[in-house]
Amino acid sequence: MKTILIQLDTDPLPSTFDRVVAVDADVDHLFSYGGVTPEQVEPLVHGAMFTRGPKDLKHTAIFIGGSNVAAGEQLLAKVQKVFFGPVRVSVLMDSNGSNTTAAAAVLSARKHLTLSGCEAVILAGTGPVGQRAAQILASEGARVRVASRSQARAAQTCDAIRAVVPSAQLVPVAAGNAAETRTACEGATLVIAAGTAGVELLSVETRAQLPALKVAIDLNAVPPAGIAGVEVFDKGTDRGGVACYGAIGVGGLKMKIHKGAIRQLFESNDAVLDTAAIYQLGLDLV
Amino acid sequence: MKTILIQLDTDPLPSTFDRVVAVDADVDHLFSYGGVTPEQVEPLVHGAMFTRGPKDLKHTAIFIGGSNVAAGEQLLAKVQKVFFGPVRVSVLMDSNGSNTTAAAAVLSARKHLTLSGCEAVILAGTGPVGQRAAQILASEGARVRVASRSQARAAQTCDAIRAVVPSAQLVPVAAGNAAETRTACEGATLVIAAGTAGVELLSVETRAQLPALKVAIDLNAVPPAGIAGVEVFDKGTDRGGVACYGAIGVGGLKMKIHKGAIRQLFESNDAVLDTAAIYQLGLDLV
Amino acid sequence: MKTILIQLDTDPLPSTFDRVVAVDADVDHLFSYGGVTPEQVEPLVHGAMFTRGPKDLKHTAIFIGGSNVAAGEQLLAKVQKVFFGPVRVSVLMDSNGSNTTAAAAVLSARKHLTLSGCEAVILAGTGPVGQRAAQILASEGARVRVASRSQARAAQTCDAIRAVVPSAQLVPVAAGNAAETRTACEGATLVIAAGTAGVELLSVETRAQLPALKVAIDLNAVPPAGIAGVEVFDKGTDRGGVACYGAIGVGGLKMKIHKGAIRQLFESNDAVLDTAAIYQLGLDLV
């Protein structure tokens, strides 16, 4: 029986990136929909639920993507509401690559650090990738500082993470200027920058004042770098005693996790591949 | 040569249901279009007509679907107008599953009854599935009462069926309330309910007053049932001497007919699979 | 590794014609987008560039189509702007079949004439197919008269061709009525009509006054013919000493070139199949 992946994308034109990855993860048939809203989800999911018998349902699955992570989360909630009982198919949500990128970033850090108990800072920690990286680190026992220009928003993000990881050790910190950023990063062994493309979050000068730093990961692919001095192709590159990763350096592992997640969709008919499940899958891969 | 099915769907997003069935009927490539209007049909059909040689044309076919059956009929008419002479491809119209569902319903009844000469009632007989079930029963020689809240509309439906099946024995009947419904069904051995989801057309009390009834088929999948007491999974289930079928009970056969119809598209380049052809195909399958 | 063709079509519904040809050229997966504007191109192309490694990039390619050739050229320019360095995929632009049709028309003429030094007329030479046929003939050393109702527009077209083929021998000529058309065609051995469907550009009477004519090619598929007396299926048919080709007579070769061009896309990751490249490919095929 052929595998079918139903791609629900919240952008008007469904992502070619996600389509190529699906093909390379051996999906036989890809049904791609763009501009999908929660109101349109029901018949699309019914068509997945009511066409193949119980034993064959695992050969159909749903992928939710698009550049807007919040919109993707709404689709995921709606999709799960349409299912009833065992009549369901597996679902992967990875809008804007948020889950696979966060998992790959943390797994890259894990090559150099013991995560449990380590001091970590997520710059732009309230964005979709930052929040997910913070959640994963917290689930591994790291002490995570969630940094944002607004401490209030950082605190909201910490609350949201605690709802998923009750044992999380989180501190919301302000990092709206160089002095705040330095204080936010003081004593941290890991810094992950998950900000908007082309915005420098950590300057060369501030970095020079962080002697404890061991791993710096910048997920921004467009110059200037989010962490000054980190190159986009860096992949564990030693720069003055700091292991550095750039967006493309993390990208190879992200891609493996993305493909692995799509393959995992077809192993059962009831998987919901969220942040934790995707990280677990990454752990199994590395 | 690869088989290609061009799916023209009148809904904005082309049906995943129809796409999965096409894959499971071994279509190699599926070109899916949503929100298709008659004005857009010509170039889409020309692309099917003018790309493969005469001997290979049978490897390309057209499927017309969507929730609006009248809109699907308009597309079918337009598609046939674009063809000229032998330069054509096969077409299947099954908007809202209307043809395959009607065929499966009648074939289910046929397991229990001799259709020729039997007294049959179609509740909500003016809707797309109801009208098609009535047409098929009439073509088998049944005496069919087409029931509707409005007798005038029922009469229109009877006229439409007679245009296709000149020998049809049809009676338009009003069934706007319990008393009328009881009169409409009196003496009938077969009742098929083809109404809107969630509307009860035949109550427990009325049913109790129909001793001649042998087969009750309810095509409504959403509770409450169109025929009180029929369960959605019923598949010939004996309930007080009446063989009962629910929507899912009929669904397995509907699915076989649907897949069979798609396979048949690729056996020639000039098939037009309409109500009669789809029923004939179902007869061959059972 | 599976081949992927990304079809960017400027019409609302992506062409079924181009999709069938892609399938018949053995493309494994076709990602089809309709109504594509230059503003939407960047993420679509990034998804092609950033998903497969350098050695595998040649298994992904882009096809640009649609009925509006100018809109297709804008997409092609935008696509090439998104690439950087060796991170790119091959692209074919054939909006409205313009490049493959022009190449097939010239290659048909070449069976009967030495193109270098021959006197050729392109009626409706300012349209997309006409301009491309003129360019190809000029690149082969023919002396090409570009005919149009407006001599000014013909002159503009000649300038545009000279920008691509500096050695081109071109003469803009007016052909707004029978007398002008006769003068325009006097002494020519080749006439190609590339006008709007259903418009006669060369009458029987005028043709009778062109004793030098050896090859007449009419690319119009809808009656009346663009060149009176040429039949749509003509394929080198001798009509009073003139080898005649109609739209379908040229169509077989056009189709071979179209398929060959798609196959060529997957031989490297940096081809840009424009008018000259597509003609060269046609030369290799015949």
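Which chain is which? They are A, B and C, in the order written, and residues in each are numbered from 1.
We adopt the following convention: contacts are C-beta pairs under 8 Å (C-beta built on N, C-alpha and C of every residue); 3 or more make two chains touch, one makes a residue touch a chain.
Being a predicted model, the structure only gives us computed values, none of them experimental.
Undergrad: Count the residue numbers both chain B and chain C use at their shared interface, divide by all numbers used there, and answer same if that is over half, different if under half.
TA: different
Undergrad: Hey, what angle do you get rotating chain A onto chain C on C-alpha, to the nearest 5 degrees?
TA: The rotation relating chain A to chain C comes to 120 degrees.
Undergrad: Counting in whole Å, what is the centre-to-centre distance of chain B and chain C, each centre being its mean C-alpha position?
TA: It comes to 46 Å between the two C-alpha centres.
Undergrad: Pull out every residue in chain A that's touching 2 or more other chains.
TA: Not one residue in chain A touches at least two other chains.
Undergrad: Residues of chain C touching chain B in their complex?
TA: Against chain B, chain C makes touches at 11-13, 15-21, 23-24, 30, 32, 67, 251, 255.
Undergrad: Touching residues of chain C toward chain A in the complex: what are they?
TA: Spelled out, the residues of chain C in touch with chain A are 1-2, 4, 6, 28-29, 31, 33, 36, 40, 43-48, 50-52, 60.
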